[in-house]
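Naming follows writing order (A, B, C and D), and every chain is counted from residue 1.
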Amino acid sequence: MNVSVVVFPGSNCDQDAVRALASFSGRPVAQVWHGDPALPAATDLVILPGGFSYGDYLRTGAMAARSPIMEAVRRHAYEGGLVLGICNGFQILTEARLLPGTLLPNKTLTFVCKPCTLRVERTDTPFTGAFRPNQVVQFPIAHHEGLFYLPEKELDELEQRGQVVFRYASPEGSVAPEASPNGSLRNIAGIVNERGNVLGLMPHPERASDPVLGERDGLLVWQSVAGWIEGGH
Amino acid sequence: MDFRTVGLTENEYKTILRELGRTPNETELRLFGVMWSEHCSYKSTRPLLRLFPIEGRAVVQGPGENAGVVDLGEGFGLAFKVESHNHPSAVEPYQGAATGVGGIIRDILAMGARPVASMDGLFFGDPELRKTKALRQGIVAGIGGYGNAVGVPTVGGKTVYDEAYTENPLVNAFCAGVVRLEDMVRSDTAQSGRLVVLLGAKTGRDGIAGAAFASVELAEDTSASRPQVQIGDPFAEKLLIECCLELLEKRLIDSMQDMGAAGIISSSSEIAAKSGVGMTLDLDRVPLREKGMTPWEIALSESQERMLLIVNPDRMEQVLQVAAKWALDCTVFGETTGDGRYVMKAGGAMVVDLPPAFIGGNAPIIHWPSREPRDLEERQRLEVEELSPPKDLGAVLRSLLEDPNLGSKAWISEQYDSMVQTNTVIGPGGPVSVLRVLRGDKSPVFVAFSMEADPWKCRTDPRGGGAETVARTLRSLSVCGAEPLGWTNCLNFPSPQDPEVFWEMRECVQGMADAARGLSCPVVSGNVSLYNETPQKKILPTPLVVTAGLLSDLDGFLPWSRWREGDHLFLAGMPNTALGASRYLLRTFGLLQGKILPFDAGAEQDFTARARRTAKERAARSARSLAGGGLAVALAKEAMESGIGARLDVQIPTRPDVFLFGEGGPRALYAVPPASLPLFRSIWRGSPLTELGVATGNILDVKRGFSLSLAELRDSWRR
Amino acid sequence: MRHRAEIVVTLKSGVLDIQGKAVFQSLQQLGYGELEDVRVGKVVHLLLDAPTPEKARELARGMCEDLLVNGLIEEYRISLEAAER
Amino acid sequence: MRHRAEIVVTLKSGVLDIQGKAVFQSLQQLGYGELEDVRVGKVVHLLLDAPTPEKARELARGMCEDLLVNGLIEEYRISLEAAER
């Protein structure tokens, strides 16, 4: 699989994503500068990494969403290519309107960095094929704005269309509000677009991809994507 | 202009007149005022710092550069240093702490190293006060706000509460970076005929004379005569880091310096002095953020996120290209010369013309009078027999776990990104933090960090407390299996003009030096922060130490909080210890008193060697060296985090409270699986070893001591 | 001609204002019982060059739509004045 | 009587405005060459109960000094209007 990681000024999880994907796939991972007009040809998966693009000043992800490379990302998504926004990348995707909703400050009004358990809601997306239905996995979170928000009615529609892919859950899989570290509505941690090829995810799978660091559930995301691509989609 | 208004003493001014052979002009005088301030010149402490051992096998760069560097093998080194940002944080907690983090990161960057880990040492006042809560909230948010955005993980720290810090909170910021040794940057490598370049943020009136400000006591009204607050821009810093590392990798620069205290003047004169070259700077070419800045304001501004580069003119074009890629201002504003003069021009005129070495290095040393504190004997008196032993030792333990000094700091460390860069093997929450260090295509190594401070012990027994602080870091590292490489420190003290304070400081430093020599572990960098006092209150003597240790692989790493049912529990090291200046004594009796165990180099060496062997030979399952709260608190933490209780039945050699809560000396709590018992015993044969009992059930039960369920322990610890 | 535009950006009513709530609680704790509600927003001051006030307002509106305001959750108000040189 | 107070909090001149700088650059990249300067601040809307407008202003000023404004680096402006119930 061919992966491109976009580097915005202020990205700081870009190299982590590059390393996680390179070590998983055994292939070089392209790094694309925010000012570039195009993605490398034959890119299967574009990752918008975590960090503080443009300092996250004004609103998280707002300025990055308007940088030149985002046109190419939009086109890639339109053509059915896979896009994964992690943390700040998720925020950028909502600002770019590639995903609905927005991410408000955590209910604690503080940055929160800790391991987190998530429940997988769908296993039929390109990003979750390797998960078991309702599997509870552990990815760390590290963000200040992770409270997913949409007006109630649109939220219902989002749910009905099955766009919620990950929810914060207790280790036993309960998705009661207490299990959410940031107050996210309906414990939403990750959503896809209607077509299913663009995923925004607040927790960090690339931080859970190396046994030396303790957690490895993140590998399931890469396995899913690899499986999807090999499956000829 | 009078020399006194810039903070110079009469003696200093006379030295200036004598050396220059003329009267300095106003700009020059202001430069001296700042460069010869305590903060920049170390004029009160230089003789003390000479007491520290600075040589060791692993040392690549000792004190004197922006940071120390130790060898990690395969051509890689670890640069590290800790620095204070106390005064700015007291005035503006968020920005003060944030710019402290930014400053230490640039120190590491200035060595040519990529910053890979931060830690923070925080000292707060009475936790119940609204003032403390507000300061704490701002400081923690500032550290996180900067470190998280800039993408350097904060992997651990130290938090201390004592009313002595209510008016003077301390913020000590530590950073470590990894450098390919052949690319290491030094400030003594500039040649003449090179360009002097400013990279990064524009220069404004931020923190002008901040260095001088850090060298005076906080006035009663901190809003009077305060310099402009510095604002940190982590986004600019992130760009600066990436830009500088790209410049280094492409070998486009000869040398660089971060701009910390005293901005342009200190960074440029340091390069000129150390490299033995002259320098001509044109202040009119410095990009400014504000109109109407005077030459001395430009020269002394402490605007953040700037670096000074020395560039060969042939490479300047490429340097500009890299800077443009990162959208950073990059301006040539001077050159190095062969005439040995340090010259600044502004408005077409020469405003400074001085010998470079004289600006930074030559502030006359001040020998403050020193006197043993009159009440020292009283501080050290402690008749244990006069203390009535508490009836309920369980309640004592619970109260210690509730002590904000010993309780969980998760609410702080969770506000920091401890995992970015994906090399954090063990983040905050344990006795040491462990980081993976990648060495190009060679195998990675692992570095363990331990940060310690025990100001209470330094108060009642400065020499012993200093030694204990250093020794604690070395014990923790050894117990987890790391080979100590070197340490850095920050000496936080009140005004040295008080002879008793000066005596305490000297004793602390002597104690630290004794321990370092006794355990053969050198100092590679450090920082001093004086005048931490208000008219009403002085801080406790507060040396803070961070030691780095090497683990060549994780097989030889012995973790903590890993008890399993049936493990045998041992206390390695002397069973009897002291109550002097212990948390127990303070918390239960409100006494800050008593001597501590004297440092015993032989016993420490023996203990740390056996501890490292235990880890290397995997003779134990879990281990924790004893620190605040003594054996009882160590037992409680191990039990809570392992999720298993223990039954202990020990012939207690002293009073139970002394045995359970005493502190000091080389001691550790081990859990050993039955199969490893022979090996473990053989390693510790000939050294004091007490078998305590076994790990089992969900109650921590100490015969003749206390019996508490894990739930009760956790309830107290999290409170 | 130079214009100064002040853009006040606030959360739409109905959108959770966590920061406003926290400020409200803090002020109440400080004894401000008279307080009934707090909302926190942003203000952006622009200095811009445009031939007429109408044109300046149009520019400012463009910047709001393009970047300064997230229409999903925020609304805004522009006030304009001439800026002397 | 009910009052609505709008408090506009901005950085004092001379204090580095990191947000303003970033927004400025971003807007320029989006093609707004007419822009000369951007400063970003915050706005706080209070709804409060006070017998007179003077008293309401006094209360609002108190809240600014006590919590809402960091006098070291920020300055503020209060505008007041009656709020109908």
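Descriptive notes on the structure:
Please note the rule applied: contacts are C-beta pairs under 8 Å (C-beta built on N, C-alpha and C of every residue); 3 or more make two chains touch, one makes a residue touch a chain.
Here the structure is a predicted model, which means the values were calculated and not measured.
For subunit B, the chain with the farthest CA centroid is C. Distance between chain centres (mean CA atoms), subunit C to subunit D: 9 Å.
For this pair, subunit A with subunit B, the centres built from the Cα atoms lie 36 Å apart. Here the CA centre of subunit B is 42 Å from the CA centre of subunit C. Counting partner chains per residue, subunit C has residues 42, 66-68 touching two or more of them. Residue numbers of subunit B whose C-beta contacts span two or more other chains: 233, 235-236, 327. Shared interface positions of subunit A, i.e. residues touching 2 or more other chains, are given as 54-55, 57-58, 63, 66.
Those chain pairs judged to touch are A-B, A-C, A-D, B-D, C-D. Subunit D makes touch with subunit A in their complex at residues 18-19, 22-23, 26, 29-30, 40. Interface residues of subunit D, counted against subunit C in their complex, comprise 2, 6, 8-10, 20, 23, 26-27, 30, 32, 34-50, 59, 62-63, 66-68.
By the touch rule above, subunit A contacts subunit B in their complex via residues 9-10, 12-13, 15-16, 19-20, 50-52, 54-57, 110-114, 140, 142, 144, 204, 206-207, 209-210, 212-214.
On the side of subunit B, the complex with subunit A involves touching residues 141, 144-145, 148-151, 233-236, 238-239, 326-327, 414-425, 436, 554.
Looking at the complex, you find that subunit C touches subunit A at residues 14-16, 18-19, 22, 42, 66-68, 70, 72-73.
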